[in-house]
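Going by the order they are written in, the chains are A, B and C; count residues from 1 in each one.
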């Protein structure tokens, strides 16, 4: 947390591509529009959702709208101790 | 404990509670309603549950729930209600859930009437539900046996993890006789496989579904082994004057009571009659019948139906000896006098083989 | 999976109430068996999160239905019971009643709950069972391949409504929340939808509330979840979600249909069960104190008694007292009634046997005693009476055309009229009993008196019956004095 000049994203998302069925409901739910279905297929033949890598606001809606138990994990930026 | 003059139906409930049963789910029907009425009174007193369900379909599924939760649970009904329970019985057997159901039989088909009949044999003993399963079936012939066999039914249900039916006709359910109840009450227990809603049982599952054919076949084979074990270990029957019997009467429930009187009267006339009374209808006392075929020349099955158990008698004897049948139905019980007349007729027709020498010459001994 | 940058902590992850891997599922153990975009997965996840948040995982028993959610037990790391089609509320009822500490929910689809299981859900709700029901309504039968559901919307095409649901042929979509809201008992009924993120969040709150209600012991809660079925609807997941949002909510308006959670009372805990030693007393099994007189010698006794009359004349009770007295005297006894409608009207009879030997058949075909309270009963049974036996008839004489068999004793006394003199014609049966005892000399006076005490609970009636008994004995003595047997 030392990148002084860059405001870090409030949230972060990881997607387990092998658990994703490519339904796209997380893409629909994503407010900052940082999720999209990948061009490639996972081993079951679905286009898994992918995080753009930045821009997540940590709202968690993608998680709540994902029908799979563990395909999406949402993280939030830890409170930075006063430096 | 001192003997009580008590209705068969009521004896079932008191014995069930003494056997640790703490749940009754049922729907009223004549001639079984006294069971529900007694359960409504006594289950709560014993700290148990009584629920009058909206139908027998619900009642049997409540049994499924209670059995899943590991409590000794029971229901009761009569023919039309047992028909409705068949779905649930199949699930109970499939999920290996123990419970006890009493069938106080009445006249059918359809609404029939409320008078006693023994025409539920096929649907109960052969299984009216779907799938390769059996029910263990106990057939009391007295109020004392209503109590004793109900207690036994709970033990068998647990031992075999299978529903057990106590099947009695309306006479046995409605009549009063002296009954001596168990001196020791069985504490309500729990089962290691039950789903109780706690940490210890969290991984448990009550289910009858096995999606994979191989897995289902394995499960069915496992059930089959239990039923084979029951056939080896759980058979019960009563012999009455069969030691030298040449005519063996076969009957269960109230009919067996009448047949005892017939045996006595026939013997007074010099006819060597005896009675084999199946107490377990499944497993059926086939070996015991076959053993009697060595000495007897003819079997006479008497039922309050047009002949249902008689098929099992014939299957058991495998053609070794002729099997005659006499039945009354519609709510009529055969009188001792009319059966005695049949016995005389059967004896007369069988006279050639009733001569001891003839038996020695003609009989082939099996097994 | 991408590396999570440092400085981030988990906000939302796989709920703990799910198994880590779905071993019961067989293959693809990280995923559910549901189709992409299916509402079931969402509903499961919301339930699992609520279980986590309420800290009740060990206590939960999930009852799964028949339908796509039949395999709910693959997923929830809780107690699991799989039920027959439509019967989950009955199963859940008994699981909860058996284990009141458990948190029991049923999870059912529209065919399961609203078609084949209508009776079960209605009555579980009406009993106010303290269970939680999650009802997933996607307006179609998913697992069996797209047949019409009770909640299929008008005009909606399914494989069994190929031209679209027609009100004249298939009726209207069933509104479960509205239906159950007509009942008194439910404490919480809400319909939610899974049509967009906002609706999903509202659904999540409703699900948690429905489970919370049970934890608090408030009673029956049901959440209906309008849910997309992209595969059967033949839509992509986003379109299916849109259909929920745009079409379904018009037919099935979301909202709270019942909320009495604020005023509902917490159910009292069941009282502690009695000790086992108390059971005989609680079951009314304690002995009736009675010792037969030392000089009581029944000898060879084989009484075969038939008591017959109209319903309400006390014939069954008369028989019970006889049998009870026999038992008090350590004899074998049996009592067998005609039953059913006869108990309420028409003729009624019972067979009583009292013997010093074991009784084979309790049926009395050849009575040694016929107690006929009325003429039809007399006519029906008089010819059966055994030689040397007795007929007691409730009138001054036999009808002119009725003759007792030869060698049968007859005593005609208007027992009911005698009872009238006591101010209670219903005691006619006991007057007759008194006469029988006097005439036959069977059974001791003490045993009959004790049997009456056992069977007559009211003190007024007991006093009356004792007088009736004496009246009958007196009448019989007079008759016997004149009798030429």
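Here is the rule we use: a contact is a pair of C-beta atoms (placed from the backbone, for glycine too) under 8 Å apart; a residue touches a chain by one contact, two chains touch by 3 or more.
Only a predicted model underlies this, so the values are computations on that prediction, with no experimental measurement involved.
The minimum number of touch steps linking chain A to chain B comes to 2. Note on interfaces B-C and A-C: more C-beta pairs are in contact across B-C. Distance between Cα centroids is largest for the pairing of chain B with A. Measuring from the averaged C-alpha position of chain A to that of chain B gives a distance of 63 Å.
Averaged Cα coordinates give chain B a centre that lies 22 Å from the centre of chain C. As a whole-number value, the distance joining the C-alpha centres of chain A and chain C reads 53 Å.
Contact with two or more other chains is made by no residue of chain C. On the chain B side of its complex with chain C, the touching residues are 1-5, 14, 17-18, 22-23, 25, 30-31, 42, 45-49, 51, 53-55, 57-59, 61-66, 68-71, 73, 87-88, 91, 95, 114-115, 170-171, 174-178, 181, 185, 187-188, 195-199, 201-202, 204-209, 211-212, 254, 257-258, 260-261, 264, 333, 335-337. Interface of chain C with chain B (complex): residues 24, 26, 57-61, 63, 70, 73, 77-84, 87, 90-95, 97-99, 101-104, 119-120, 122-123, 127, 270-274, 276-277, 279-280, 282-283, 285-288, 320, 323-324, 327, 332-337, 339-341, 359-363, 365. Interface residues of chain A, counted against chain C in their complex, comprise 1, 8, 11-12, 14-19, 21-25, 28-29, 44, 46, 51, 53, 58, 60-61, 63-78, 80.
Chain C meets chain A in the complex at residues 1-2, 4-15, 18, 28, 30-32, 34-42, 44-46, 48, 75, 196-197, 200-201, 204, 230, 236-238, 241.
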